[in-house]
Amino acid sequence: MSMDGPTDKAADSGQPLVSLDGVNKWFGDLHVLQDISLQIARGEVIVVIGPSGSGKSTLCRCINRLESVQEGEIRLDGVLLPEEGKALARLRSDVGMVFQSFNLFAHKTILQNVTLGPIKVRGKSKAEAEKRGRELLERVGISNQADKVPAQLSGGQQQRAAIARALAMDPKVMLFDEPTSALDPEMINEVLDVMVSLARDGMTMVVVTHEMGFARKAADRVVFMDHGKIVEEATPETFFTAPRSDRAKDFLSKILTH
Amino acid sequence: MRVRRFTAALAAIGLVGLVGCSSDAGDDAGTPDATVPVETDAEFDAGTTMADLAEAGTITVGTKFDQPGFGLISPQDVPEGFDVEIAKIIAGALGIAADDIEWIESVSANREPFLQNGEVDMVVATYTINDERKQIVDFAGPYYVAGQDIMVAAGNPLAVEGPESFADIRVCSVTGSTPAGYVQENFPDADLTLFAEYSLCAEALKNDQVDAVTTDNVILTSFVAQDPESFELIGAPFTEEPYGIGVPLGDDEFRSFINDVLEASFEDGSWAAAWDATAGAITDTPAPEPPSVDRY
Amino acid sequence: MQAVLDNFAALWSGFLTTLAMSVSAAVIATIVGTLLAAFRVSPIPPLRAFGALYVQLVRNTPLTAVFFLVIFGLPSVDLTFQSFFVAAVVALSVYTSAFVCEVVRSGVNSVSAGQAEAARAIGLTFGQSLREVVLPQAFRTVVPPLGNIWIALVKNTAIAGGGFAVADLAQLAPDLARDNPAQVLGIFAGIALAYMVITVPSGIAVGIIERRTAILR
C-alpha cells in the first residue's frame, strides 16, 4: 500500500477507517436507520447483531453505498462516500463484500470470479491476477474448484469463493452480510473458520451475523441494533454476560435458550 | 408547407383519413366559362333511349368523384372535370341542361354493374375501352386517348422529353404495374425505383430522390392538380388507353347518337374548350388532337 | 416453377439484397437495442426516460410508417438517404431495435439483482457490470426471443421491397406475376422458399447458440 496522499496520513493520525455520523435512512415511511453513529478502527472486527428488521443488513450495505442514505455522513478512510459514478466504484473496490446468497457470477468459473475485479478494476495482467487468485482459493481451501462454475459447488464452497473474490481486491475493510444464513448447518463452520483466520490476520471486518460463537471468538466489539437504532455497543464478553439494555437481554434470551 | 406536405403524404398511405386531400384542383380548373349549349328543339324517334331521356328531361351519369381533372366532386357537391364536361355536351344534345343531370359516383369496379342494372344511363369515368369489357357493355367514343406519361419536378430541370430520357434519369413507378413493365421491357438499363403506390413516387420526386414518375397521364394529372408548385406533366403520352363512354350492351342507337355528338364536338371546338377548362388547365397542356371514334 | 427458373438471375440478386438488408439491420438493431436496454436500466433518469420514450414511440408505430418517416420525413429536416437500401436498413434498425431493447431488458431483469450488486461491490462501474456480468447472462436467456426478432426482421424486409423501392425478393414478386400471370402461385412459392433459405437456417443457428451458451444456475 502506498504511503502518500491525505488518506493514509489521516489513517496515521488514528482516524477511524470507517465512520458513520448521524446517519438516517428511510424506506418510504419506514425509518430503517435512525441517527446511527459508529466508528470502526483499522484492524477492528465488529459484529452487528439484532433481530430481523432491526436495520443491521441495511447498515452494512450503506458502508459501500449499495444503499444510499438520506441524512448523515459516511466516511471511508476519511473520504466522504461520493455519489454514484466512477469515484464511488473506485472506493467500493477498497471495500470487500460478502453476501448472504454468495452472488458469484454464474457465467464465470470460480477462478474468473476471483480475477475479474483485479483485471478490470485494478488493471492487473491476467497471469498476475490468476496467480494471486489461485493463492486465495488455496487459502480458503477450494483450489481444486478453480475451473468449475458456481452452480457445481456446495454452498459453503461458494461462500468461500465469494470471500476469495473480495480478498482479491486487497480491500481495506470487509463487509459480511449474514454470510452463513443461507448455508446448510454442516457448511457453516468451514466459512466461519475462514472468517476467523481473516480476523486473526488483522483484517478490518464488519460482520452482520447470528453466529454468536463467531462473535465471542473473533469480535472486538458487538453492536446490538433494534428498530433501526444502535441500542448497545460492548465487548463480546460484556455483551454476552452482562447486557445492559432490556432489549438486548430479551434478544439474547431468545437465541441462546435453544 | 412542410407539415401540410407531410400530412398529405401520410394520408396517401392511408394513415390519416381526411387530412390534406381536399384538393386545389377545383380552384385551378374551375367550371368552364362557356356553358354547354342545350339543344332546345331536339327531336328523336319514339322508343329510342334518346327520346325517353329527352322527354324525361334528365339523365343519370356515372362518373368518378375522385379523379382531379376528369371527375372530382367539388365543395358544392357537383363533380367537375373533363369527363363531366363531355357528359354535359351529350346531355345538351338531348336537350337536358347541366343542372338536370343526376351524377352518380362510379368507381372502377362498379361501372359495368351500374350499366347492366340500369342504375345509370351512361358512364363517363376514365373508362378504358377493351375487348373484355365489350362483352358486357358497349362503348361510344373514344373521346380521349390516355397513355403513359411522365411527371417531373416543376420547371423540368433535367429537360425530360419522353421515354427516351429514361436511360439517363432516375424514374419511379409502382411494383408490378403495367407502366413499370413498359420501362423494364423497353429500357432495361433504366434506374427504375419501384414503390407500392404512386403517392410515394410523388413524395420521392418532391424530395429529389427520383427524377421522374411514370404512369397514366390521368393519374399524374391528379398529382399535378394537388401540388402544381412541385410537379409538372410532360404531356406526351407514349402508350394508348382509349377512354370511351359506357352504355348498356346492345343500345346501338344511343351509342351511335353519342358518337355523332362527340364528332360534332371535335369539330365545333366544344371538346377542346372542355379540355382547356379542366385537365388542360391543371396540367398546362393544350388540347390534343381529338381521337377518331370507333363505330364498331 | 418455370418462371422462377427463367428469372433465376433476378431472384438471386433479390435474394442477396434481402440477405444484406436482413444482416445489416440485425447487427445494427442488436447493438442499438442493447444500448437502449442499458439506458432503460441505467441509474441516470434522463437516459431511462429516453429509452422508455423511444420504445413506446417506435414499438407502437407501424413499420410502414417508420419507413415512410425515414424515407420522406427525414428529408424535411435535411437528412436524405439517397440510397433506398440504406434508408431501408435505417428504418428496419430503428424499428427492430425497440423490440431488441425490450427483450434484452427483460433478460437483464431475469439476472438476479445480486449479480449486479456483487459486480458493483468489487468496484466495477455501471458500464463494466453491465458488460462483464449482467449482459452476458442476460443474452443467454434472450437468445430464443432474439432469434424470433431476427426472423421477424427478415420477413419485415419485404416491406422495403414491396413498398419502398428496394430491389429485393418482395419487389420481384409482383413484377414476375405481371409478366407470368399463369404462374403466380409458383412465383410466390419460389419467393417464399427463398425467404426460408434465410429464416430456417437462422432458426437452427439460434437453437445451437442457445444450447452452447446455456448456463447452470
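All chains are identified by letter, namely A, B and C, in their written order; residue positions are counted from 1 within each chain.
In the analysis below, contacts are C-beta pairs under 8 Å (C-beta built on N, C-alpha and C of every residue); 3 or more make two chains touch, one makes a residue touch a chain.
Computed from a prediction, not measured in an experiment: that's the story for all the values here.
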item: Pairwise touch network: line, ring, star, complete, or other; value: line
item: Per Cα centroids, the chain farthest from chain A; value: B
item: For chain A paired with chain B, centre-to-centre distance based on mean C-alpha positions, whole Å; value: 85
item: Length of the line joining the C-alpha centres of chain B and chain C, rounded to whole Å; value: 43
item: Multi-partner residues of chain B (at least 2 other chains); value: none
item: Interface residues, chain C side, partner chain A - complex; value: 43, 112, 114-115, 117-126, 128, 132-133, 136-137, 140, 215-217
item: Of all residues in chain A, those that touch chain C in their complex; value: 64, 66, 84-86, 89-97, 99, 101, 103-107, 116-117, 120-121, 149-152, 162, 165-166, 169
item: Residues of chain B defined as touching chain C within the complex; value: 2, 5-6, 9-10, 13, 15, 172, 175-178, 180-181, 184, 193-197, 200, 203-204, 207-209
item: Chain C residues within the chain B interface of the complex; value: 62, 64-65, 68, 71-73, 75-76, 80, 82, 84, 161-165, 167, 171, 173-175, 177-179
